[in-house]
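Shared between the two complexes below is chain A, which has chain B as its partner in the first and chain C in the second.
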Partner chain A sequence: MSSQTAQRFTWLAFLFLLPTLLGLLIFRLVPIVGAFVTSFTRWQIFDKPRWIGLDNYINILTSPVAAKVFINTAWFTMIYVPGVIVLALFLAVLLNNSLKISAFFRGAFFLPYITSTVAVTLVWRWIFSTKFGILNNLLIGLGYSDPPAWLADPIWSLPAVAIVSVWKDSGFFMLLLLAGLQTIDPGVYEAARMDGAKRLRQFFDITMPLLSRSLFFVLILALVRSTQTFEITYALTGGGPNGASTTLAYFVYENAFVHFQMGYASALAYLLCFAVGLVTLANFYVRKRWTHE
Partner chain B sequence: MNKNITLIALYSVLSLYALLTLSPFIWMLITSFKEPADLFRLPPSFAPTQLFTDAPFANYTSALTERDFSTFFINSLLVAACSASGQALTCALAGYAFAKLPFRGGNILFALVLATAFVPTEVTIIPEYLLMRGLGWIDTFLPLIVPSFLVGSFGTFMLREYFSALPNDYAEAARMDGASNFRIFRDIYLPLSVPALISVFIVAFIHSWDELLRPILYLNSPELYTVPRGLMSLVNEYDSEWTLFMAGSVVSILPLAAIYILGQRYVIQGFVGGGVK
Partner chain C sequence: MRTLYFAAGLTLGTAFTAQAADVTLRYMSWDAAQIEREKPAIAAFEAAHPGVKVQTQGLPVKDFWPRLSALAASGDLPDVFTMSSGYIQQWTDAGNLTDLTPYTKDLDLSAYTKSAVETGQINGGLYSLPLSWSGPVLFYNKNMFDAAGLTYPTGAWTWSDFLAAAKKLTVDKNGDGKPDDWGYSVFGRYAQVDGWVYRNGGRYLNKDATKLEPNVEAINTLKFLTNLVLKEKVAPYPKDLQGIRYQDVFPMGMSAMWVDGSWNINNVRTVAGNKFKWGIAEIPKGPDATAETVRAYAWPDMFSVSANSKNKELAFAFIRHMTGETRNATDFLGGTVPAFKAIAAREAWLERDKQPDNKEVILKIGEQNLYTGFSRNWDAWRGYGASGSGGMNGELDEVFNGRKSLDEAVKSFTTYANDALSR
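And then the complex of A and B:
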């Protein structure tokens, strides 16, 4: 291509990209830098911001309240990530065929993911209701005379948020894994069957290694999501009781828009971003070494 | 024979799990058709009692009129339709530029569009809020529409892939005939990309419809509430009118369920196609 056409395309491309460039600059790049600068200030929204260096970060890393939030987030991750991945893998392997009925099941399992989060979270809130909820009444019917108070119980409220999140997201991860499974050549299984490999053997020796790329992708995505849960927490427990189900993203929201501590909240957000980045990098490193490309 | 038994066992397990997955929806539907007086009866019954009265849709009419859900619904529809069509258009333009109009720095810019999508909302929302306040856009629909109108990483990615797969010959032939670059885009490549555009539109529509944080931050007047925002304010204001809450929830799910049933292929393509790479 001559340099003259390349030149013409540059201007043309710039015109086509104008909205994207504006959006990128105003709603992404400037806020990313802005939040970083804000994180070194003390800023109650109605006052003037004051430069305080690393104080916000030091405060966060030494305060017991924030420590509780980090522990909650880790606990949530430990339920959510294995929950969605095991379920998604199980369903994807079972539904990896061209039967009509499997298409119906795939459709059903994906439904929670695309329906309105607030709406489905509210029905879960009603299901979890201590006295009149259907769940506890079923449990009592099954003989558990003293079921937990779920959303009002400091031990069970966070797992309840995680359960709803797993229920909502596993269908999505199932579809991602199904897309990965469909790239595996059926001939490989044929050959294994000829050699007399049992189903379970096939799963661990063929499916898992050949799916490792998709699995790592799903793992990263699930880890990232587990730090960002907001809507479900807001609609289910409001972070309560007494902060028992407050995780990082919700804590950022509370500090920024309930207490209006813009600097402190920005520092929290950056710590979250840092954690997400670290997890992603670690995963890519592991992936390079362990997965079957 | 053995194989049949395995299949039956397999599909029993799957059916059971499907029932479990769908049961919250079923319970939502049943509750939305209960008489309010039957809510707090123990043990809870599975009967949609209101269906057998003279006013079988009383909860729905009450939610839609007295509690203003019809307004929320129209607001959500407006916001989601504007955001999604804007996003589809912007992403089509950007995807086309990245795929068919090679220019220096294009790859770096594309990488930047993708990479910034991974920065958590929590980071950008605070400056965004301050910006919207500064612009005087609080309590309008603009903060819900304009950002998605201007940039969309997933859609740009998806449309770039789509346009890249289309041959360049069309453009060259049309250029020989003297067609302008914009006409080549509008009359040749854009019509060919309709399936991808539908997917981008649907994903953006669903995201916009589902959004909770921004409506909480930016909308103060109840007559501007979107459905999720309206549902939450209803729940916070009235403690346990679950028949109404569930009727409102069903209403808020209906358009999404309709889109899903009518265009399942596009929905799945949209959500998974953008995520696999």
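And then the complex of A and C:
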């Protein structure tokens, strides 16, 4: 290819990329910059924004309510990320074979991921209900006379949100891990079997190392998702009781679209972005130690 | 000279007609069902103003405010929109609303419920006309009162009358040590709590509503309500009712008495059906209240005109028509009281063929000193709507659930509220 045609080719490529690039610019970059600027203002959407410098950030970092929200978010991440990865890995390994019935179960476990969040959460709401819930009736039937008010209990409401989130998302992560499992050469397992390695040994010494790149991808994705939980919280607990299950994304929503504190909400979103960025960066840093290239 | 005036008048007149011939008035509401009921009234307005077309749009409340805010930001507000007492101060301060004073010269504002008009009077201007108002009342289950041999609540009831009745109405039917019928039921929500507070002369806010400083009367009221659950045991822990919509506790017959907004009358009719007889009364007056400090909790729903409207005069004529005497009493559901007093006074509004058979109780409330209790960012500090698990609402629920002391809760919601008020 002559340099001239190469140049023409580049321009042509840009021409075809233009709609996507424009879309990214208008619908991603502009709001990202806009939100950053907004985070230094007091703006209720329906009034003129007023520059207040770092006030929003100071306000957030000194507020006990916001502190609780940050702690809740971390707590949620600690339940959700291991929960969803372990369950997804278990299902993926279980279904990584060519049995007909496995194809059915792959679909079945993926189903929660594509069902309407609000609809299934309402079912979970009923399951967890204090007096009429199936869970508590089951517990009472088993002789446990005083089961907790799951969604109205400050200790249980956040784990309840995490449980529903794990249930809903594990099918999706299972699919990602299954794809990773399929790339592992069956010959490796055969050789291990001939050497007398048991199933558990095979899992830890072959499956895990060879799956580590997929696992890393799943880990990053799960981490980011864990900070974005919103719909399930909205429909299950409304962030309650007394903010016990309010995580950052939900708090941003409350401040932006219920209280119309756009500046405050933008500052929150940037702090969230900063925290997620930091954790992701740390992960990439330690990645070399445990992923198998 | 006279001819000249005449000619000028004619020209102006023609110009006006020509302009009026294609005027579209945009009207947006947070209640699509209400717009349906308003259709005949809107048609009548269009008939009286040839060439004017009213374009309506109804959205659910939670979508209404974000949409209206976005329209305000882009300078494209509808000419007329519904306005709540909770937001009018902020919207007026932001310069989005038209001062209606110049258009009201021939309008007798005293035809409307006084405090409903006052809510729209801000900084010496008038920024809305009230359509209706509502406020909390005490609902009571007549069947349960009859079974306990009690007389029905009245506006003269004191807290001790209330407590004595609640004790008798709390019944353990199956002898398992846990009540099956409760005398009363509490939640931290504004509609369940704040009516009690104001009827005891309590206030949360300072005079100009810039700071949260609950007075002794307010704290005493919160103590009284807390004791109903923790000490007197005449009301269940809110957490035990989780999974039941709070507005269904009374109509499902789980609580003999219940305080909620009068707008809830319609829901009680639907859920309770003919299962039991029920009535309404004023919330019992507290022992700390004086004639000067006692207030009935009530707030209006209103109409405002956009500051950018090109047809302000017409828009005002429209809201005057929509709130005025040509409306039917039956356009207002259950406990929603028409702000135009002559409509509320009509026999049809009392709905004698439906429960409760004593809706005049609400009209009596309207004659008292009313208080909306709103401030800037009220929804944040009180804990309203999607943020209902936070603010004062969330803290009070913790107290009623016996998980936090009232003192601690007051401390933390006051800090949070003053933070929200300062933003």
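Assume the second predicted complex is superposed on the first by the 270 of 293 C-alpha atoms of A that agree within 3 Å, B and C clash if a C-alpha of one lies under 4 Å from a C-alpha of the other, contacts with A are read in each partner's own complex, and residues count from 1 in each chain.
Criterion: a contact is a pair of C-beta atoms (placed from the backbone, for glycine too) under 8 Å apart; a residue touches a chain by one contact, two chains touch by 3 or more.
For clarity, every value in this text was computed on a predicted model and none was experimentally measured.
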First, second, both or neither for A:76, with chain B first and chain C second: neither
First, second, both or neither for A:253, with chain B first and chain C second: both
Which of chain B and chain C A:63 touches, first, second, both or neither: second
When both partners are placed on the shared chain, which of chain B and chain C touches more of chain A: B
Touched partner set for A:19, first chain B, second chain C, both or neither: first
Touched partner set for A:132, first chain B, second chain C, both or neither: both
Chain B versus chain C as contact partner of A:239, first or second or both or neither: second
Contact residues of chain A, present in both the chain B and the chain C interface: 126, 131-132, 234, 253, 257
In the complex, chain B residues that touch chain A: 10-11, 13-14, 17-18, 21-22, 24-25, 27-28, 31, 39-40, 42-44, 90-91, 93-94, 96-97, 101-104, 106, 109, 112-113, 116, 118-131, 147, 149-151, 156, 181, 185, 206, 209-210, 212-213, 216-217, 227-228, 231-232, 235, 242, 245-246, 248-250, 252-253, 256-257, 260, 264, 267-268, 271-272, 275-276
Sites on chain A touched by chain C in the complex: 42, 44-48, 59, 63-65, 125-126, 128-133, 149-154, 234, 237-246, 253-255, 257-261, 264
Interfacial residue positions of chain C with respect to chain A in the complex: 65-66, 68-70, 72-73, 90-91, 93-96, 237-244, 377, 379-380, 384-390, 394-395, 397-398, 401, 403-404, 412, 415-416, 419-420, 423
In the complex with chain B, residue positions of chain A that touch it: 1, 6, 9-10, 12-14, 16-20, 22-24, 26-32, 34-35, 38, 91, 94-95, 101, 105, 107-120, 122-124, 126-127, 131-132, 134, 137, 140-141, 167, 171-172, 175-176, 179-180, 214, 217, 221, 224, 227-228, 230-231, 234-235, 248-249, 252-253, 256-257, 262, 265-266, 268-270, 272-273, 276, 280
